[in-house]
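Two complexes, one shared chain (chain A), two partners (chain B, chain C).
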Partner chain A sequence: MWSYLLKRLGLSAVIVLSALLVLFLLLHLIPGDPARIALGPRATPEVVARYAEKAHLNEPVLVQFWIYFTNALSGDLGVDVFSERSVAKIVLEDLPSTLILAAAGLLWAALIGIPLGCLSAIRPNSWFDRMTGIISVSTIAIPSFLVAIWSLLVFAVTLRWLPAIGGGESGDLADQVRHLILPAFAVGLGWVGYLARMVRASMLEVMNENYIRAAYAFGLTQRTIVFRYALKVAILPTITLIGIGFSGLLSGAVFAEIIFTRPGVGKLIYDMVMNRNFPVVQGAVLITTAIYVLITLLADLLVAWLDPRVRDSL
Partner chain B sequence: MIVNSLNRRGFLKASALLSAGSLFGVPLFSDGARAQAQKLTVRMDNDISILDPGYMVGGTEIETQNACLPCLVNLDLEADVYSWKPSVYVEKFEQRDPTHYDFTLKPGFKWSNGFGELTAEDVKYSYERIKTTDWKGNFEALDHVELTDKYSGTLVLSQPYAPFAVAGLTSGGSAILCKAAMLKVGGKFTTEIPAVCGPYLIEWTPKQKIAFRPNPDWTGPKPAFAEVDALIIADASAAELAYEADELDATEITSATHARYKEKLPENSAIQVAGSLQYMWLGMNTENPKLSDIRVRKAIQHAVDANQVIQGAYAGITDKSNGIICPGLLGHRTATKYAFDPEKAKALLAEAGVSGLELELKTLNEQERILAAQIIQAQLQAVGITVKVLPLDEGPFWEMGDQSKGDGYKTLEIWLMRFGTNPDPQEATQWFTSDQVGVWNWERWKNEEYDSLYKQGMTESDQEKRAKIYLRMQEIMEDTGAYVWINHESETFVHRTSVNISVLPSGEMQLRDFTKA
Partner chain C sequence: MSATRSDRPLVAASAPDRLGSEGWRRLRRIVGNWQGLTGLILVLLFFASALFAPVLAPYDPNALDIPARLSGPSWLHFAGTDQLGRDTFSRVLHGGRIALYVAAIGVSTSLAIGLLLGMLAGYGARWLDGLLLLLFDVIRSFPTIVIALAAVALLGPSLNLVLTIIIVTSIPSYARLVRTSTMALRNTEFIIAERSLGVGLGRILWRHILPNVVGPMFILAAMDVPVVVTVEAGLSFLGLGVLPPTASWGSILNEGYLLIRQTPWPIIAGGIPLILATLGFTFLGEALRDILDPRLGQRR
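Moving on to the complex of A and B:
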């Protein structure tokens, strides 16, 4: 287990370092003068020169990378081109909102998708199973940005039941929940299908295992067999999937965040790309990459902890 | 600061609300707060970065400053051409001669945070400071500010500069700061104005909202709306949907939506075109061998129909351009010397002995511009010129005519360009003087008369003579054959009929001047 942990930690460090390098190169691969791109065409030469000096753009590329690398290691991701606010602070301001959206989206998807998958597996090829299959494929096939636009048009613009934009008033939980419903619905809908299909497939496999047949032979109720024995094993791949899904939603919720003008890391990255504010883009992508790697690692460790077979095979 | 607190009681309360809403299907979630008559909700298209007038980005920051900082003059939008009028803060503002502007502040305006009264000393500090900052451009002609007494003084220019009042004193950099408060914070600030003197105080939630709340120290005219929430919505389409969902009282709209709203406006809504301080043209590099013959350039002038471009790419809702001076400004042209005439274009090409001409049309990679470029491509094809449209990202686009960035300017042929300007014609004409060749004059022509007129225009105080100067300058530009004028894109807003909005021609809202209809 410890060697597995060390290996995974080492791999995670390599991934984050690679992201650091790619993000650094990104700024230099974009055609044009980085300072002028960031500040706009009409920025005066003095302002451009001041920015170039502050961002170390006059130094050789390797020196620039070393400065960027050492600063990033110490938690200094630079400052916003315009406001000179700390990039780390800007990203961390928006991170909770994205975490809440991703968690809410996956939570409701799991609450619907996992039972759907279980019930389908218990009665394979029944009308319920077929209906679940159709619903699953449909929800997977519809892109989340379309769900976002349609739900916004129906529930916010036409029916006016729910708010169209924003994250809700600070300190007003009810208002924040109102603003969360449509974005969470949009990012979670596709996951209902994914989770239902994944749980169904795993459950079907587990339900054919000898120990499940033995449990039936002992006369245990179906409910006990499914929830106490079968689901416990069948849920393992789903945990990994949810872990990856959660990490992916950190930046993948960008469509919902943009369409609902909801604060979040995805929208932050989008806005900053539009404003050519590259230090913030670099910082936000780096932080989401690090979180992605961390959550994926935690999900794998959780599976290893839950399943002795996985642990033993390490 | 964003606060996200979650506790059991709150969760249960929210869950109960949601359940009730879904059970009864009633619009429990409509935004009741905004409906209160005293509160206005508008859209701002960008977050604030730096509110310091000397170092700001512009746009949203100017709108924010307008709501809470003093100034000497405002833009007079009622006049035939844009001019200035004294602001609510001054008893008197007069131009004594071409280099002296006298002002007297009204007594009794208080700075917030206990910094005392607004005085002439604050004006002197602010304007002499702005000369040393990134926004010094419009204040370079200012030599110093002389103080007469506590409330009076004179702005003294080092030389006559006609645009000073209209372009300088109404610009973003003209906000007056509290000297005492500025000295206390070290002479510079970012997003927290050390002291305000206006009807509103600011509460900022980064990337979400700028809330304007009543300033208890304000003794001037009360604004019609005690509170204003400016929601930061970068995406225009999202803002338009929010407006249609009744979550905004006013928002700027795109050309496409303007066209759609012309057919059918949302309920209780009206459209207001604030101004058109942008000018777009098709530019030609006069030094490029393919275009060095003026007859070829004139042929292109005759081959392009700007009206078709406006119809096709801008849904027919922008003003046709006849030069670089925008509508509402001194020297605005109402017609061009050339007309759309494909036959004449063909004749000019034949006369120049040009056939099978192939050109590269560069444009910014934006939907409307690409569409405009494609229409021009088709029009030029009709007279025998084959055009390849090349959309570029901002980095390479803004460098393609810049001589300091390499030899790329030599191969530049034709391009679609749009500039923005301020309410004085001097701003737009400055980019085409001889010393701007290879900087912003990418058409690369020089004309002594133009250069001389440019200098005259800056110092001429007679409006009629000034108008003639700028008309002649545009005629000189057009005569080079290097320009096909396209359009002036407008700043267009949709708003509730219960609200009268006030917007500067450059698109910045003046929230304190919004009124109830």
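Moving on to the complex of A and C:
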């Protein structure tokens, strides 16, 4: 168990370090003045000079990397030279909105997808199972950004049922929820299919186990068996899937935020790409990667801890 | 070289990927299954419409016709026109060429590199295997779109950058699959026999391992096409892929998105082929998997 934990932690550290390295190298491998490249042609020479000084771009490259690296590890991601605000602060302000969107998308998908998977595993090859199969493939295949655009077109622009842009008035919870519905729908739709499939497949495996047959022999109702005993085990691979698929969830959230002009890290990164403000992009990408790695790690550890079969094999 | 050694592998090179009478039977099974048939039709449609776009398109995709701007579907313009009066249907057809180009180059390059790295990882020294696995894990753990945004921020939008990102991020899944099957093969009798006859590494990998591991890669490739097409469309939608005036499904969607309150047609017309293509390749990939690899199929 400990060696697994160490290995997993080590891998996570390597991933975050590589992200740091990639973001650093991106800026330095492009021929030209790094400060100018980072800020684009529209930045005034004063701003460029200020950035070069703040990011220690006049030092030797290795020194620069060391400063960047140690600063990043201590949570200092530099300063946005345009607004004079701390990059970490800018990103952390937008982070909750993105996490809420991702969580809302996943939640509604789980509420629909997991029961769908269970029900189709109870009666494999029934018409219900076939229907679920078709729905699963279709929702997985449709790109989430297209779902976002089309739902914007149908529900916000044409039918005017829901608001089209923004995250809602701060403090007005009902308004915020109304603004969350369409983006969360777009982010989660593909997951309905993923979850239904995954739960169906692992449920089919679990239903053949002896203890489930024993439960039937004891005369327990099918509902009790499926939802109280089988699902507990069948849900485990799903947790890993959520961990792995979190990257997809994030990119879905990036698109949804841009399409619905909703505040969040994705929108922030996009706006900063468009404004050529690389220092903020750098910080935001780093934080996103770190969160993603953390969630994958937690999912893996959770599975290892919950599943006795995995726990014993470690 | 020894006279007894045949150049053919001692075990028949995986029958699944030979198109003999066996292959025809499999093709019939794909066509016999509604999912496989739908997939095959959609994929053929995708290839045909992209290849013959210049012949099929009623207009030049970039020809301006300002008086006819923002018109809805009509006999003159099947899918209406955009804000510059360009024919959306022609642009969609030409956009399919970009999707096909990206899918063909992206999937074949990452498949080839993935094959090579996967065989090296599975057959080579343990340290090399460890190093490559770590590399694959790291690449797979990056949030692709977010990293792509960072790269575009510095290098500016271009289709080649999109392709590079697609290739780098798709290699690990191919390589991992090949690695696993190579490891299973490396200690089989016919490979040990080859090795003891003094056959070189390159020849073993090329003539004996490759034919046996390449089959499942085509399933993965079919499943990978929708991902690749979606990434290109997504980045072009954000204005980070193809440059105007080139038509790509993503850029048509982007232009339509900006006009969403004036006309719904570009968004509808740009989205439908994207969905049909992703659905088609997904259906075909699943049908292929169920037929070629029943064990995977059970897990669905």
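FYI, the second predicted complex is superposed on the first by the 292 of 314 C-alpha atoms of A that agree within 3 Å, B and C clash if a C-alpha of one lies under 4 Å from a C-alpha of the other, contacts with A are read in each partner's own complex, and residues count from 1 in each chain.
As a convention for this text, a residue touches a chain if its C-beta (ideal position, glycine included) is under 8 Å from a C-beta of that chain, and two chains touch if they have at least 3 such contacts.
Computed from a predicted structure; not experimentally measured.
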Request  = Figure out whether A:E46 sits in contact with chain B (first) or chain C (second), or with both, or with neither.
outcome  = first
Query = Thinking of the overlay built on chain A, is A:I259 touched by chain B (first), by chain C (second), by both, or by neither?
reply = both
Query = When the two structures are overlaid on chain A, which partner does A:T296 contact: first (chain B), second (chain C), both, or neither?
reply = second
Request  = Quick one: classify A:E93 as touching chain B (first), chain C (second), both or neither.
outcome  = first
Inquiry  = Taking the superposition on A as described, I'd like to know which of chain B and chain C A:L153 touches: first, second, both or neither.
reply    = both
Request  = Using the touch definition from the top, say if A:I15 reaches chain B (first), chain C (second), both or neither.
outcome  = second
Message = After the superposition on A, what does A:I37 contact: first (chain B), second (chain C), both or neither?
response = both
Ask   = So, does A:L27 touch the first partner chain B, the second partner chain C, both, or neither?
value = second
Key: Touched partner set for A:N71, first chain B, second chain C, both or neither   = neither
Request  = Jot down the residues of chain A that show up as touching in both complexes, chain B in one and chain C in the other.
outcome  = 30, 37, 152-153, 157, 258-259, 274, 276
Note = Residue positions on chain A within touch of chain B in the complex are 30-33, 36-37, 41, 44, 46-47, 80, 82-85, 90, 93-94, 96-97, 100, 152-153, 156-157, 159-167, 170-171, 173-174, 176-178, 181, 258-261, 263, 267-268, 271, 274-276
For the chain C and chain A complex, residues of the former touching the latter = 35, 134, 137-138, 141-147, 149-155, 226, 230, 233-234, 237-240, 253, 256-257, 260-261, 264, 267-268, 271, 274-275, 278-279, 282-283, 286, 299-300
Remark   = Counting only contacts in the complex, chain A reaches chain C at residues 11, 14-15, 18-19, 22-23, 26-27, 30, 37-38, 133, 137-138, 140-143, 145-146, 149-150, 152-153, 157-158, 197, 200-201, 247, 250-251, 254-255, 258-259, 266, 269-270, 272-274, 276, 278, 281-282, 285, 288-289, 292-293, 296
Of all residues in chain B, those that touch chain A in their complex = 1-7, 10-11, 13-14, 17-18, 21, 25, 27-31, 46-50, 57, 134, 190-191, 205-209, 231-235, 238-239, 241-242, 244-247, 393-396, 398-399, 405
